[in-house]
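Next up: some structures, all given as structure tokens.
Each of the two complexes below includes subunit A, the first together with subunit B, the second together with subunit C.
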Partner chain A sequence: MSVAELESREVMIEGAGAGLWSDALRRLRRNPGAIVGAVLVAIFVLVALAAPLLAPHDPRAQDLNLIIKGCCPGPSAHHLLGVDDLGRDELSRIIYGARLSLLIGIVSVSVGLSLGIVIGAISGFFGGWIDSLLMRLVDIMLAIPGFLMAIGIVALLGPGLFQVMIAIGIVNVPIFTRLLRGSVLAQRENDFVLAARAVGVRRRTILISHVLPNAISPVIVQGTLALATAIIDAAGLGFLGLGPQDPSTPEWGNMLTDTVRYLQTAPFLAIFPGVAIVLSVLGFNLIGDGLREALDPKLRGRA
Partner chain B sequence: MRKLSRASIVLGLLALVVVAVAYGARSHKSASDTLVFGSSADPVALDGALISDGESGRVIIQIYEGLVALKPGTTNVVPSLATSWKASAGGKSWTFSLRKGVKFSDGTPFNASAVCANFNRWYNFTGSFQNPSATYYWQTVFGGFKTYDPKSGAPKGSLFKSCKVVNASTATINLTSASASFLGALSLPSFFMESPTAMAKYGANQGSVDADGVFHPTGTYATAHPTGTGPFMLQSWTRGDKLVLVRNPNYWGKPAHLSTLIFRPIADNAARLQALQNGEIQGYDLVEPQDISTIKSDGNLKLLSRPPFNVGIVGMNQSIAPMNNLKVRQAVAYGLDRQSVVNAFYGGRGVVAKEFQPPSLFGYAKNVKTYAYNPAKSRALLKAAGLKLPVKISFWYPTSVSRPYMPDPTKNFQAFSASLTKAGFKVVPHAAPWNPDYLGGVQDGKAQVYLYGWTGDFGDPDDFDGVFFRTPQNQWGFHNKAIFSILTKARDEPTLSKRIALYQQANRMLMDFLPGVPYVHTSPALAFTKNVTGYVPSPVDIQLFSSVSVG
Partner chain C sequence: MLRFVVRRLLLLVPILLGLSILVFVWIRALPGSPAQALLGERATPQTIHQINHQYGLDKPIYVQYWRYLKETSQLKLGTSITTRQPVLTEIGQRFPATVELSIAAALFSILIGIPLGFFAAKRHRTVFDHVSLGISLFGISIPIFFLALILKYVFAVRLGWLPTVGQISVLINIPHPTNFYILDALLAGNMGALWDVVQHLILPAVALGSIPLAVITRITRAAVLDVQNEDYIRTARAKGLAPRIVDLRHVLRNALLPVSTIVGLQVGLLLSGAILTETVFAYPGIGSWLRQAISDRNYPVIQGGILFVAIIVVFVNLLVDISYGLINPRIRLGGK
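Entry: the complex of A and B
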């Protein structure tokens, strides 16, 4: 092979490499599920970011006069989704609740993702006793059911929004760790790693700039799915009374707990936050599934 | 496949038949003279001396009787096992004439020696029986025991001195000091008369305290062989399932209409309502405000109300600054929108409280200082106190609890928090589970501002004002000698007209001094099916079922 030929091959490889993501995007666009998911997530994020502009009322403003005749008057022109048991506008609370859910989702997944990437990469790339030690720790964490562990951590740290985020993040750590370690292991033995090592590239550089970029795609898929579970878990912890300490905080899980006792008289108070949770979680799940299919090398070029 | 589906159809039909038969059998049974009452929990024990909870009292009052009782539907003391009584030696000595010919349900006679045996049993309790979780009411009313045990937590010295058998139907109780509230207290289930023979036979004086500091009787008397003189007797008790009482055929008074009375514990309020609607039970207590309209609109059900005999309070701890400043306490009082809270959360069954005791009780004063919601005035008071707005306060509220005076504490907290914020405060929320964290924290004096309340046990103002303010307590954190002494004087005064005047004066002093802000008296509701008659709701939480019938 001449030098020119070699150079042209390199260009081809780079082209193929860049094509991984554009290809994935192309296939994502053809997946109706993923599009629905993307739309749901886009609405969710938009509502969360623009909450003060969209909400018709202050989510904490009470109007006890509205509930003198009992809980709770249903939807009306002034309160599109009705008011809750303290006369607060349900729609505004759901809109502001999106904000908290998004915050909880992003922060807790970031915590889990960053810790998981660090531990998984070290464990997979260096192997040996470090790997054994870290994996046994991960085994211990995986042996405890996730939600139970989250409850335990919040019980330890004390209830509160920040503690909930930390707890859900920690619960996610072993999942990300395992996933990344597996894919780093697969990449580690590849020829390009051997080549890099042969020309004397430092191990750290190999890990960060050669192995990680190739191993990260399953973790990203898992990250999207974890966002969905984080929202559910946060709502669950809120439901158990471990969420924000100020009970007037508009958090979807809290809103469900507060209205359980009105299921017979005002079921809409539980239905609306429930639907909000379902839709946002569904959105992230659909996108996650779509991404997984799009990034799966076995399915490449099919669609 | 086809065979299978035919088989399943047959099975389904069969199941339907079984259900229909079972339903028919049940509705047939409910037309008899049996009543099933939905309680919120199992009794702790069926030995009045060892309990302080309402669910135990609810059953005990059917089985046992006291020397005195409360007239149904009121808190007036009337004769029961004692037909009359007389105080002498300036209220220190009380002679009771006992009803003749009364027998315990084990056949042994009720007489003066049985009365003294009961009093001496309580007074001679030792060891784990001196634990406040075992003998709460003895310690509240009579103080300590014969032998003082510093480890037990019981106070030293007792109001009780001795019990003397004058003749078979006359007994004299001697006290160490004069007390006027003592007589009303004898109507409590904790001072009901129990058969000394049965207690000895079934080990009533055996018990221990568990790791959590809670007392449990270990003999079989309190669980399987409670023996009293009342209109009902225990037949069987399966914990978590049902407690069955049957009519006492040898009852001295008018026999009970019901031949069988069953208490079924159903912890969840919504589940109790459903059980009532589908006929599993015929009545239950402590209906939640949001269920009232459901019950009213159901043609098969009816709602009964207890006279208000409780108080909801926003407590303030003066040992935590700035609550020691009267202006700040007044600012809190003016800053609580009590009227809106009472209107919104009590289903029309609450009134705004002006004093710490309910209006139906003697000693209620007409002209106390009142504090209508006025946030501007609160802010002015805070500024006058030299504080910078907003003033930060830590506000405690309990979780996982429902009381007649606060069906949902979280809602009360949120509404008060919003109105206090308008009045120049910055409210820092502090939530804790009712038992033990919340009650413990509040009673240890850790809570600055907190939700609190009380349901009366018997008809005496000492059971309200006295419980809170007669002695220095960590939870209020103040030492006001004038208030302590007037409440002690009022408790011991034997002449009723003088007592009334003293309590009225005390109530005026309290509302000026403002150790807390009383905000509601509620009238708790009970629900029954329409065919239940004869139930007279009592202001205190327990009453007899002997006049009840199912028609």
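Entry: the complex of A and C
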């Protein structure tokens, strides 16, 4: 048994009835970490959606008069989090940055998830040479460290916001593929699948209405955690200058790039966007961990 | 055991071949043709044709791939566009620094992560447990370059305890026979230089080690919690073994099985994280080299660097797999 198969065995979830989700929700509500995570994510999503209402200034508007005495004036009544090296309001840029991070997270995870679900389900359900071929491909992709592969893909497509989302999405594909294959494999031999087959249900119907719903919970956990990673990786790519090429774009990673130069005089320029990244990522990680525990059949019935 | 190792080694062949195809396709898909890049503005249809012929670019695609494979397996990785040096030579100059940094980061994360996870599990559901879980959660939630910036600001800029950038102070001059600076300092018998190199290593290593630290702490904690409930632990306790002996010989030894796998899997993370860490600290390893290549669009370097790192990761994972088989007979004998 290889390491990966051990892992997939860990995430195996026994076929559970309708009680799984209500039970999970009940346990989730008793998990303080998950609640903190939910609050953080709720704030993050609200800020992203209501950015135009919340932001006190235009995130792209420059006021060079503000930095006439050097970079950069810190927090003040008019600019709660200070202004950056071009006199742009830091708070407004962070608020608008939430939009981009949310967008990057959702799009890239959707790309990874949809491709991963299709490939993983096919691989796990049909088995045989299709499975071997697809899994060797996944092995190759997993051999390259994710962030490095994302850099390679962005280098290929050219830097930019859209390219970053695609790159991170593709990096997620092998992870979701392997995960889904593992849980489909675990489901395939279940009695209810055998029963459905015995009464002559079509293979496609079995896959879609019996196997997938039962195999999906580890994928949801991984999806939540992948959102966190996507935000971090996008910030990393932005930091390396591979993100949005328009320097006025308020992307959190981009905002951190130039701050290295002003670390002596204006450390807050690095701290505020950094804290924004940490809090949103922490939120998704907390929810993901909570979900993992709540959906773990070994822990069901306890607590 | 030999069969197990041979089987693992054979699995390498398709992975390395696949990797080479991936990188080859990647090179082919890059914007701009090589002839255009070489000729620049002097390109005419005739000269382009000539260059294409000269480099075999007019041959069928499988001939080109075969040629690429042959050159790559002979370690001909091309020439850097900016320095005109062979990519392999530059890797040789840069990689030792990254190895030193990665080893330091790995040591930091293992030496702190395993005890932290172990004691968190022993004190399950106490304040210590919650705090260590909190730290590790924070560790995986903070972007590595942001942590690097904060560390640099606090310990280098503000407090001035440690140097801000580089691998060694400019004033120190020691010969570099190996390019591993710690080794070089030891060979030179220069303790001042050694201390200087170590000081330069601390902040980048802590930043780079933060994610592995968090992961190792979590896995160790979970593994110890699992093992503690096993029958053989109860038996060991029941027959009157001292708690310390039970912890060391039975709990920790068994709990370290999953931990050892995870430690191996962190190598890829360390090498890709090095790109960000080395950038923040201007540390002259393979990471900052790749980062520079990215902004220069120095494709031979990007291609050679990514291929090199991926191959290193594949081999380290192979070693981890084999050593895992060595310490866990269930894997070795388990067939598939």
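Observations
Please note the rule applied: the second predicted complex is superposed on the first by the 287 of 303 C-alpha atoms of A that agree within 3 Å, B and C clash if a C-alpha of one lies under 4 Å from a C-alpha of the other, contacts with A are read in each partner's own complex, and residues count from 1 in each chain.
What we mean here is this: contacts are C-beta pairs under 8 Å (C-beta built on N, C-alpha and C of every residue); 3 or more make two chains touch, one makes a residue touch a chain.
For clarity, every value in this text was computed on a predicted model and none was experimentally measured.
When the two complexes are overlaid on subunit A, subunit B and subunit C sit side by side with no clash. Once chain A of one complex is fitted onto chain A of the other, the partner contacts of A:N285 are limited to subunit C, with no touch recorded for subunit B. In the superposition on chain A, A:L100 contacts neither subunit B nor subunit C.
When the two structures are aligned on the shared chain, A:G241 is found in touch with subunit B and with subunit C. After overlaying the two complexes on the shared chain, residue contacts for A:N65 are found with subunit B alone; subunit C is out of touch. When both complexes are overlaid on chain A, the residue A:V219 reaches neither subunit B nor subunit C.
Touched residues of subunit A were counted for both subunit B and subunit C, and C has more of them.
When the shared chain is aligned, subunit B and subunit C each come close enough to touch A:L263.
With chain A used as the common frame, subunit B approaches subunit C to a shortest CA-CA distance of 5 Å. Judged by the document's definition of touching, subunit A residues 241, 263-264 lie at the interface with subunit B and also at the interface with subunit C.
The part of subunit C that touches subunit A in the complex is made up of residues 14-15, 18-19, 22, 26, 29-31, 137-138, 140-146, 149-150, 152-153, 157, 261, 265, 268-269, 271-273, 275-276, 279-280, 290-291, 294-295, 297, 299, 302, 306, 309-310, 313-314, 317, 320-321, 324, 330-331, 334-336. For subunit A in complex with subunit B, the residues that touch the partner chain are 60, 62, 64-65, 67-68, 70-71, 85-87, 159, 241, 245-248, 258, 261-265. Those residues of subunit A whose C-beta lies close enough to touch subunit C in the complex are 1-3, 5, 33, 136-137, 139-141, 143-148, 151-152, 155-156, 158, 228, 232, 235-236, 239-242, 253, 256, 259-260, 263-264, 267, 270-271, 274, 277-278, 281-282, 285-286, 289. The touching residues of subunit B, counted against subunit A in their complex, run 269-270, 288-294, 337, 340-341, 343-344, 347, 399-400, 408, 410-411, 413-415, 417-418, 429-431.
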